[in-house]
Amino acid sequence: MNESEGQFGAVRASFGRQGLMATLGAELLEVACGRVCIGLRPGVPVSQQDGLVHAGAIAAIADSACGYAALTRMPEGSRVLSVEFKLNLLAPAVGERVEARAEVKRSGRTLSVVTADVFAVSSGREVLVAAMLSTMIRVRSVTGEG
Amino acid sequence: MNESEGQFGAVRASFGRQGLMATLGAELLEVACGRVCIGLRPGVPVSQQDGLVHAGAIAAIADSACGYAALTRMPEGSRVLSVEFKLNLLAPAVGERVEARAEVKRSGRTLSVVTADVFAVSSGREVLVAAMLSTMIRVRSVTGEG
Amino acid sequence: MNESEGQFGAVRASFGRQGLMATLGAELLEVACGRVCIGLRPGVPVSQQDGLVHAGAIAAIADSACGYAALTRMPEGSRVLSVEFKLNLLAPAVGERVEARAEVKRSGRTLSVVTADVFAVSSGREVLVAAMLSTMIRVRSVTGEG
Amino acid sequence: MNESEGQFGAVRASFGRQGLMATLGAELLEVACGRVCIGLRPGVPVSQQDGLVHAGAIAAIADSACGYAALTRMPEGSRVLSVEFKLNLLAPAVGERVEARAEVKRSGRTLSVVTADVFAVSSGREVLVAAMLSTMIRVRSVTGEG
């Protein structure tokens, strides 16, 4: 077991404590070293005014995916908080499933930089609907920074 | 009635169609020319792993507030979509209520630039917990852009 | 002399060491607690293809202004590096002078969040041409982060 | 000759008119369909206070690279302006050369979303020093937007 594998359980446990992910019906689809994928089912509960998936729901799964991707690269016992993120919306988010796939670009001692591509998946066809570029911070206590 | 007042009803109607706002329990607290405020009650359904309000929930109300603030400055019949936004998390979001207060910085023919400050409000005391800088686009149909 | 005044000299000395500011002809116009203003004269050396001030030149003075605004709020002996910034271009940057006015939104132990508004100034008339939202980090050594 | 090749000459001509690129000593290293690379030589004229390449200089070449990458995918006669960009600084920018490599993520009728990775190159070794996520707009006149 390498270092990052020790963090995979921490990611799954933390995801389970995110009330918002349950509220949105989001699922943790993949956890690997430096990479996390979270999925969401489009529908009225996560929609904006035109029935598309709301940018806030996309931001939520992309932000969680980025944070957990960063966490897989941190030492055991670390915790992660979002410093900031930017999300570009590229195409209408509709379909059977929306997936945010995050990948760490740089894992530093304190800060990590993570990107996420968000795809709408329907009948095996994928469309890129959003892109995130984010900064995550390793913390020792909830109130320690951000 | 000035031009923007004609858009206030459009904002309220559109907000009512955002399934995500209902799911999050968000409320439209203020609609004025170039300014919109949306509130959220912290709690498990909108939480991240430490019980704070999830950055995605903050992004959701801030994004909606920014979009509707832009809409108040657009001609009647316009629709608005998010092009992109950036959110900085500044302090733990806890308390009785979280409020995203958006204000238009520039309203262009096609694009608008809008900022939002997000406050945690408890017993009348306010703490700035997040800041958004966003770009919104005026569209004529959902699939028309971007 | 309050704490921040002790940092004003540090800001001026550091600005003097930024080769890029000299190359661009930028001037440090104001240093106050949590606020810094840097000016630039539009012209061919800082232009993009249409003769407007290049977004990169605007980013340069806004980034320096944000970093130094953060530095005024840090303990003496601190150094500052940019973690990230976002810049929105709002209107063509032309005129007699362009000024980036930065103001700290939150000064944390490690991270600071700073905004800057950039104005084109001509014959006393000001037009908002850009807006920045940035994250700065306090460091003890150049290679220490981020 | 495919459509995008017709734009390559337009990119080279436009780059030649960017006064800032000449001031910074930047070079247009590659123009391909949806991809542009611009290089810069580190040194005092583009430095920040510690002798590293200033984030503003990095932003300048990354922004130009993103804009021109978008332009290669636009119809002939189009012009491009920056709507906004976000830049994350990941590691100290030093070395023999800094290269901003931009690639279009989505090319829309009006808006394009483009990413750039910026590398410090020394003796054939590359280090990722910055990452940009940007929005570009196709315009017909300088003052037409944005």
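Should a chain be cited, it is by its letter among A, B, C and D, assigned in written order, with residues numbered from 1 in that chain.
Rule of thumb we're sticking to: contacts are C-beta pairs under 8 Å (C-beta built on N, C-alpha and C of every residue); 3 or more make two chains touch, one makes a residue touch a chain.
These figures come from a predicted structure and were not determined experimentally.
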item	value
More contacts between chains, A-D or A-B	A-B
Farthest chain relative to chain B (centres taken as mean CA coordinates)	D
Between chain D and chain B, distance of the C-alpha-averaged centres to the nearest whole Å	32
Centre-of-Cα separation between chain B and chain A, whole angstrom	21
Centroid distance [mean C-alpha coordinates] between chain D and chain A, Å	28
Chain C, residues touching no fewer than two other chains	83-84, 86, 88, 90, 108, 113, 135, 146
Touch list for chain C against partner chain B, complex	86, 88, 90-91, 105-106, 108, 113, 115, 128, 131, 133, 135
Chain A residues touching chain C - in the complex, by the definition given at the top	83-84, 86, 108-111, 113, 135, 137, 144-146
Chain D residues touching chain C - in the complex, by the definition given at the top	14-15, 17-20, 22-24, 43-50, 52, 54-57, 59-61, 63-64, 79, 81-90, 92, 142-143, 146
